[in-house]
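A short write-up of the structure that comes next.
We call the chains A, B, C, D, E and F, going by the order they appear; numbering starts again at 1 in every chain.
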């Protein structure tokens, strides 16, 4: 089989550290032919360091010079839509960084175009690939959880407002803790509940700490420029009486430095994601089950592999365009109803 | 000062173990003159054991024979309204067991009548009297928490469906985990947020485990007769962008045998109720504050004392009729919107 | 149904503290009519304290005066045979303290006579009644362990040579750590492996510490009079390639004050008895299962109940005469091959 | 003094990672002149990487071209005998990997030939060189243990069947858990008991997990090709009433990932090897002694040093030919009596 | 042997709870004949409760009415001298509560008079009788500590100013933390160093917390009436280059609620008293020795027994008059040099 | 601004590993122009490795060839005075390693000359720069400690006599544990108490372990050549009734491998340095405050930066000449009064 030809759009850290190394580990299936970034000098440098032939600062030039099968879209949130649409129009499969887009309408369009073009559009929700989440899904599929009816989904940092990048700039990011952190854990929770649009959404957002300033644990942010939510709490009710309580924060006066977890409540068993445990009955007695030997995995490599597998028609667990559109619609609704 | 004359209505365990002993410790201020119960033989026995002169199975007989200043209402939930109204009409102060009533309208009427009669109507939310909650309130009043904007309120049992009494009978109890357990922690949470009616309420209720059966940790219940919620999750948004996430259960597949806690998030500090801790900044650094010597207190004695103090016109922290009416309205709305 | 009439033989601590209280809790099924002990004054005193009509120092007098349905034999080891045989001959069911007898031949005779008489002969191996062992057996029967092929059975004390009684006197006890402690754990292990005679037995016995003396944790013993084994290690191979490694000690230079445990190795799962845990695979991953809420039970009450149930023809898990004969034969063989 | 000339036989991982680095650290005493392996290309590569002049795939060619004083035999188990004999015949000292051989007769011949030739034949039981074992022996020699009478020797893995190499192939390895893992801990135990042939040997072997398959912790093995024991339990009685209980496994449903330990019971003190502790009496009270600062040592370097020292006539603690013959005889007897 | 006749002087808590129960347990050797207290009614009541024939509020009346062999002096500190002298003059042996007296001169007189009269004068430093201190002394005598050259002696409470009694009244007590708490641990430290007068004494005393007030852990004290030291730090240098660093406090802003400990540094080993451990070398390696089974003992009973034994001429470890005089001299010097 | 020109005196480990790397990180402010060491070859090599132009074995040659603004004095203790004086005379600022000198008179002269020359003389007490000590000082300045009245200052090693260098040679070092380790923690303690000369000094020194030998944890030292104190305990009383208890050791039979800590007792709060905690009252309750996120800092870099800042006239927390003179006077007095 001939190699798939890949192009990278967005020349930042996440391309350099995550996506390019993952693709290079799959060199028997894919070859990176070009990278396109805002700053042509830095882009050229990155291309040289990784042995990538093409370096561009204009995506159309790239498509005209190189034959590209798939694109990795690592641009800022506010560019996800434009470049993904362009790549799909150029007949490429796309693995786009999260969140899918800035609006629900954009994410809908992206999914529709991918369908129309018969191409794979996937989002890089790589936390689906942890051993813990795969085991959680396996337990659900094997029926050990019974019916899952309520999930607490948390991505909470005590003082983790990033002191770099554009994370506190609403125009570029589209929001704060919810769109940057919350989407990860919301994606996992939705994956346990058939990934549907909720009947009802309630919630609240806050910016007390972000706008006041204080000790930072991920560098110091500028409270004057802070215009996103530092914390978001939302409650989602789904058809069939299921529910998710979502909590996410950049900054919250809690004990823990960071909590990233799902607590899943099913009719036969409950599960905690990190560290993974089941809480159920065995032989008629209440039992707690631990898994002491779960392996830490290279989640980016596994997600990139899933993307490649999806292109070649295999069944995978990757987040595809339709799910991305659902997720974006939920995020948009939370911002509408709970936003600052 | 002459002694206050007290009567007990309801001759069950909670009268015998909690209220009568508390009143007897306050014998310099109050004297129990009568007890009224459904079964006259058992009531007489209890009266004799505690040295109480009168024993009745009819409340009007009691009022006609004895001059009563205050009444402790320890009847089942569905009788709270009737006996409290009767006691107020007879010119008594009333300390009524929780929950206030079966409906919001009842609780409203009770509060209004107490006001009209100029009597103290109080509810026995005795968890307000723990050292931890008193310290939490003190920290809030001293300004150490800043503005409190979100609270997670949990009263969660793994398998704590009571195997005795009427706890799984909706007609008598008015509900399950919410009205029996949730009200305690909701009362504490409301007390941190000015005790208002929420703008919006969302929530869900479940009965999977209750209706299926399984290993019990508080005796074995009968799943066939189980007709209340075994778990309730609710989300309350208050005027001024404040919020409470409430979770309560008789049965839930979680790790812990029982969780009774508040997590309070304020702009200057967060607090956890049990064990009590503050999470804040001290001298510009993130700090956790623990209080290793908090005393366990006799919360019933302290609440009964607060009731007596309220009668004599002192400022106390007891839950009065107005707050009871607010609480009951919230409970009713949760049942309406989230109920099974 | 009329009450069973019980007699106690042996007026010592174990009658007073264990057997009589258990029988009294079963007063709807059994009534203690007489007690027979060596010292008539002490026996009379015990009878009076417990409200037992008859007190004797001669068993035949007792049988001639009272109509007895069942006998509890709480005499020293070297009298188990005589009194059990006499009781069976008098047409009584017998619950005999462990060990069954001093020799395999005695235990065989006892089982045969019980069979001939159509009476229940049972031994008081009450550790069969712990929640942990009952759960272990349930897991085995439900197939969760797969085939059980090896067991490590330990009853090991660091310095637990009793400073009272006859525990270090071979003539009265028949041996030391094996016959006093080891039989308990051996009984449990055999119960997991069809209770058969082993093909091969190896082992060793020691008396270094017992004969030297040293710090005692159960009072001080007299090393000069010490003539039993202080430690015994044995290895049993059973038909069908199964095996038990047995270790027991009164005194051993180990870290733990006392170890009483089974480690059970099966083809599907392993189990540890105390605290109970399973070690297996769940959903394809290695898993450890804990049971945080197992209850401590009144093992003597449960074993006495099982004895009564056996008399009335019910299936129980009590150790009956045949199993006692097997156990005694194994003990005898270990003493023959491994003894000092 | 002129340098000793060393040759390596067997070009695998253990030569590359253990023996060659150890010899190079002793470059003031020894110089590696040649390496001989099955695959001449790989052997040449290894020789070049380590700066070793000679590379061969035929041992006789090696001996004819190079003058060799000592040989390190790192071949698979089934070649230990042939190459060690050849090396001895060529007048070399030999450090042979464990186990000594495939049969007791081979090990006996090897020891006899070494004696006849006046050469050092040693086996690479490098666990003798840990700080813990050296301290254990020192305590024994100083008399702190008193008489050592019983040892529990364990080398138990939960799921450690190697997924590589020939570890599950009986023809090449000679067996499974016993000959690969058990010999290490048996060597240590025998070293505490004068290294004698036992009077009696009992034991059992199993292959349930190995033949069924399951989750592996050292890669996945092929249950179809598995033809060795996955677990072995043996009980050895020695002259003078001493005993060893040996347990070893590739796979066993236990809690721990791996247990490698000795529990040593002496008349004055007991000792646990890992972490090292003594359990004894001090000043008339029961005492536990811990050694918080024992150093982790380079056991291969220390064992190779002991081999060189033995060649130059020094007293060392290395396992010599005679001990190897005893160990192999015991292993053979366990396989005969307990084998599958 | 006829029984010793004992009288109790001082009718407070320590007589009632400690000394009288201890004497009653020694009823085969001693009989309490009288008790003398300030308040004759309370004294009579105590005498009746304990079955003591005589009750007095005048010591001379007591001596005139009863023949007394020994006296227990449980009066407040400022009365130790007077009553002990009177008792000695009346030919009694005396066990006096600590501290010996208010001044060094008094303690010297008391010791001299006891000597002159040939009577036992002992002080109730009952912490000498703990298993830990007895073991510490045994280790010293057996030579395991080598030469003891430095001791850190601590009796430190975080907020343990007693809210009752006269503990904060200098006129009655003679001082604060040093004379009430420090003397206990100083006595133990001196007992490890030949109980000599130091060459040099340095130290400081403080009363910041005592005079300011704050949260109390032993009731609330009155800061206005507080006129003793709340903390004392002293450094003692003894002939032969030995030293003790003494720290004691009623109140100190430390983490621990209470620290009562000795750290003893010897040339061969160091020891910590609570929990007892040795830190030394065993078999050439640094070793920590713990004693997991030390028993909690009835220290008052053991000290009273020692007093009785001393009377009958046996060698004991009780604090006698001469040691008391040394201790009091040191205490006085610390107050002179370091006092407030 | 032009770069400061730095010279290094003393070509050992501390120059190579600490001072040169720190200066190179400040290359925008300072440039190393020369290094001067005893062994010209080694000095030349170090200079080349670090790209330093000049290498000398004579300081005057260095000053004559290079224009030097500041000098880092990393020579042995007995050369601190000579080279610092020479550097000051040559018009350089000096950062001198600790301790300041061998005698109080030297340190006084050094401080005076620096003052006279208008140059910065600083000592490298870099532990002042830890996050913990900076926070401790901040808490003191903010008033959270109240008045600090007693400090326990400990730098205690169990067996940390250095097995290399001159640490056990009094002629070169000027002493042992006190001058090498104790000065660090004494400097920190004095910094909490206005850095004054004490009114009174008591203390003792010991050399039992150092002169006897034993297991070393920092290599093996030679007990025959050991002529310094292995432990020093001192007690300092300051004007205004403040006190410091100082304990330091190279070797002491304690449990911990190493203790480096301050315990600070203030009227409002106490503090422990490592890990940092406060012990105080919050909201009227006793509270412990922990700081879970304090960062480990590059203390050498921070101290070198403080030195450079001091040169450019900024306020810093570095130890200057006057403080060094006070410290040296205290050290000298301790040696005079407590020395061996």
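Here are some notes:
Going forward, a contact is a pair of C-beta atoms (placed from the backbone, for glycine too) under 8 Å apart; a residue touches a chain by one contact, two chains touch by 3 or more.
Not measured: the values here are computed from a predicted model.
Distance between Cα centroids is largest for the pairing of chain E with A. Interface note: chain D and chain E, two copies of one sequence, contact each other through mostly matching residue numbers (shared numbers exceed half of all numbers used). Rounded to whole angstrom, the centroid-to-centroid distance between chain A and chain C, based on C-alpha atoms, equals 61 Å. Mean C-alpha positions place chain A and chain F at a centre distance of 51 Å.
Inter-chain spacing, taken between the CA centroids of chain C and chain D, is 43 Å.
Of all residues in chain B, those that touch two or more other chains are 215, 217, 284-286, 288, 292-293.
Residue ranges on chain B touching chain F, taken from their complex, read 135, 138-139, 142, 144, 278, 282-294. Against chain E, in their complex, chain F makes its touches with residues 146-147, 149-150, 152, 158-159, 200-204, 206, 208-209, 212, 214-215, 217, 231, 233, 235, 237, 241-243, 245, 247, 252-255, 263, 265-270, 272, 277, 279-281, 284-286, 288.
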